[in-house]
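My questions will all concern the structure given below.
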Amino acid sequence: MQSTNLFGQPNGFVGSDNFAAMFSDPDFWRTLGITVLFMLGSVAGKVIVGLAIALPVSQRVRGTGVFRASVLIPMAVSTAVAGLAFRALMTPSTGLFDVIARALGGDNVGWLTSTNVSLLSVIIVDVWTAIGFTVLLLLAALDSIDKQVFEAADVDGARFWRRTFSITLPLITPTLFFVVVTQSIQALREFTIINVLTAGGPADSTRTLVIDIYQAAFGGTADYGASSARSIILLVLILALTAIQFGVLERRVNYR
Amino acid sequence: MKKPVAHIALFAYLAVVALVIILPLVYVLFGSIRPTPAITGTLWDLLPTGFTWDHFASAFNRAPILRQMLNSAIVVVAQTGLQVLTSVLAAYAIVFGNFRRPGLILGAYLVTMMIPNEATVVANYLTIRQLGLFDTIVAVFMPFVASAYSIFLLRQTFLGFPTEIKEAATVDGAGPMRFLFRFLLPLTRPTVMTVTLVSAIAAWNGYLWPLLVTESPTARTVQVGVKALFDEADTDFGAGLAGLIVVSIPTIILVIVGQKFLARGLTEGAVK
Amino acid sequence: MIRTRKGVAAGVTLAAVASLILAGCSGQPQPQETVAADGPVSIDFWYSVGGSSADALMKQVDAFNSSNSFNITINPIYQGDYTETAAKLTNAVQSGDTPVLLQGGDTFSAYLHDSGLATAPESVATFDGQAYNGDGVVAAAANYYTFDSKLWAVPLMVSQPAVFFDATKLQAAGLSGENPPKSIDELFDWADKIYAATGAAGLVFQQNEWWNEQFSALNNVVYCTPDNGLGSEAATAFDFVNDDLVNVWTHYQKSLQAGAIVNVGSDGVAAQNAFSVGQAAMLLASSASLGTTTAAAAFDINAFALPVATEGGGAVPGGSALWVLGEGHSDNEKAAAVEFARFMGSADVQRQIFEDSGYLPSNQEALDGLLTSETSQPKLALLKQLTATAKTSATGGCHNGAFGQSRADVRSAIQAIAGGADVQSSLENAQSKGTDQLADYNKRASK
């Protein structure tokens, strides 16, 4: 609630001015939008990719054990290292992703340089880093489903997809719920990946709330007032999100 | 599944998935050993097309990597050690401390759990500056010597501890400390190990906070240091990639060795 | 004739007194104060270059540390690029943790001068009583860092943009570096021609606000008024939008979409890489890129100067300078800093930096020597460009303290243009935002 001067020293109590300035700043609302988009994309990606890997691996066919191990690989590197590895992969024109894109007949995709693609790129990296966590959790849940349920379904003539959607998924909803909640909150807090890949750019297209908090305070203007106001908003968002998810989703979750 | 065709399809699918997952690390590894140019901008980058130690030499030249790894190690030991200590004691007090409203205390901790670090970094940063601890290793682990998450997990486990043993021990004249070390901890070791491991990984991976409170390359921890190295290496891609490899070695070893604990650590948190 | 002893003595005394009086009146920079160097001095030096430029810089830092006779140790700390370093400095002011030596990016100079943090090198009391003298600095480079006729920083690594190219690829399109394009628009034409003839991109450069400033300066346009902020008044408005500039960026947009110019976003490193591995025939980049691209490329690199379309226009020599941030530091530290500045600005060091990195020498003696001795074509082209640069308000570059944010706005505008946005309105938008920020900065700075 204080304003800061050229050097970041608080120079006066200004009441709710920082909040007023923040709410009337169109950039702030854009930041919120980007934050929400990132969260939705990230959680959706993690659930889909997690299931896409866990479901086949849980089939207990001989030899899938090796793949269970491969899933641990993203956990073997820190987020910073992962982010930097992808930064190399996504380097414009000379990075492998663009090389492959051109080899497939397309053009350079501005992974980190196009405002249309940048958010997707950051989401991709976020999903990659969470593969270990998500798959292990989903595997544990899938493994604990009683075999007899499937045998009964087989007898009834249920095919794979029908079986998955009508039986398997509903049976693991507690775990799915847990994944959605934790990853949503994690997405709201994610800083490292974005900082390392795009630093909020290009043209602020990946500037989420956390990045905004950081930039306001440490981006050169030392505007601690603006940064603090945004920190409060982040806090409120996370608390609200947790409350909503526990309230609404809980009802749809089937406990055995 | 009984059909062999389906088997093959499954394997092929999983093999592709595994390759895709491993792609970034393989790319970095091959790039770090390929003689300049480390990245050729062609599909050859997918294969190891040569060998040189040059980039590793360059990486060590550009950044004090070993010193930074030492810093990170110090942070891990201090942060994890203190966290486990405070969490065990706090959980013990909550469960066995005969408070009238233990739920209230736990509730207070849970509330702090819901406050993300990211919302408090600015305030903590200013505090550190005022304390004159800027650019020190102490500043890196200081805010994390207590963890509500660990307290919560341990409290759950302690709750499940059989009361008969506790009573028997009290009858035998065992004081709280003795009970803690001789009975409680040994029997709840798996959870304590998990808490330690999770805490250690978090300490090693810390990025935002060390980024804010350290500045000189010799005071930095390895995550921030490797990012700075990557930036500074600029067009010398090889050095950046080599740095990534060096910095990942401890965590790779950790994951290989601690697989089971890690897997359990995740599921324990979920089930509770 | 004074032959007696007394006479000789009197004569000598007279001469001595006369020379003392004459010395006192010779108008040398004063004060010629001395500071006693008591014991070893260790000072922090924040720098912002990476890759082989950093290698070149560190080589000189090491040389200074091992050869200086005042027991001074320079402690170099990499702080990220110029923007990040500027941000960190602002933060460091909070707790008095500022370094005494800073490699400041060119556009940061107005802020450093206005903030009161910096001390002009010639005002610092030195260890040996010899005040710093900026006479040996190349005029075009000194221009940038001279406020109220005093040199406030020692140009450390001077750069001017140039066009680097692969002669073979140019040949395939019937073009030659002997006959360079006469304007930026024509340069883009060349890119189109090369693409049409070979199917490979003709040009690559990153989307950076620096180019906006350079393109303007080449046309002798004063980027901000009045007088680019170099006169007695601080800059109050940006004024770069005009038909020529709009045409140039529109052409850029077309060529980019066609594939004649490679789109690397704002990533300068990627631009250099794309050129080094052969994905583009020409690279528009700072002279400093010569070092890194030569190291990475498998072909011979040539260069030609940026086309000056209008009389009085030219490429703005930018780069970085060594600032002595005296505020809050002891006399010892300041004296040590000036020793280092002197060393870095010397002919020998500047010549080596040029050889190692492609950054142009800021020392006139070194420049003169290199003009006659240099044999490598691209290096000679760069040296000649620096020598030929007209000294006007336009080539002095815009000086203002709000550059951080206003530059970011221009960068966003260029990125938007690359994405297909309307050129005229994007530029005008950035211009008016920048003008607002200037007003804001001037208000804050006067508090």
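Just a few scattered comments:
Letters A, B and C mark the chains in the order given here, with residues in each chain numbered from 1 onward.
Rule of thumb we're sticking to: a residue touches a chain if its C-beta (ideal position, glycine included) is under 8 Å from a C-beta of that chain, and two chains touch if they have at least 3 such contacts.
Just so we're clear, the structure is a prediction, and the values are computed from it rather than from any experiment.
By count of C-beta pairs in contact, A-B exceeds the other of the chain pairs A-C and A-B. Among the other chains, the CA centroid farthest from that of chain B is the one of C.
Put simply, the C-alpha centre of chain B and that of chain C have 43 angstrom between them. With centres set at the average Cα position, the gap from chain A to chain C is 41 Å.
Annotation: 19 Å between the Cα-based centres of chain A and chain B.
Under the contact definition stated at the top, the residues of chain A that touch 2 or more other chains are 91, 93-95, 218. Looking at chain C, one finds that residues 94, 269, 273-274, 277, 279 touch two or more other chains.
For chain B, the set of residues touching two or more other chains reads 39-42, 237. Of all residues in chain A, those touching chain B in their complex are 52-53, 56-57, 59, 61, 63-64, 66-67, 69-82, 84-89, 91, 93-96, 99-100, 103, 128, 131, 133, 136-137, 140, 175, 178, 185, 188-189, 191-192, 195-196, 210, 213-214, 217-218, 224, 227-228, 231-232, 234-235, 238-239, 242. Contact residues on chain C toward chain A in their complex (touch as defined above): 83, 86-87, 90-91, 93-94, 115, 204, 207, 259, 262-267, 269-270, 273-274, 277, 279, 404-405, 411-412, 415-416, 419, 444-445, 447. Remark: chain B residues 36-37, 39-42, 62, 129, 132, 134-135, 215-217, 228, 231-237 touch chain C in the complex.
Listed in rising order, the residues of chain A touching chain C in the complex are 5-9, 91-95, 107-108, 110, 112-116, 201-204, 218-222.
Contact residues of chain C toward chain B in the complex are 50-54, 77-81, 88, 94-95, 97, 269, 272-274, 276-277, 279, 292-293, 295-296.
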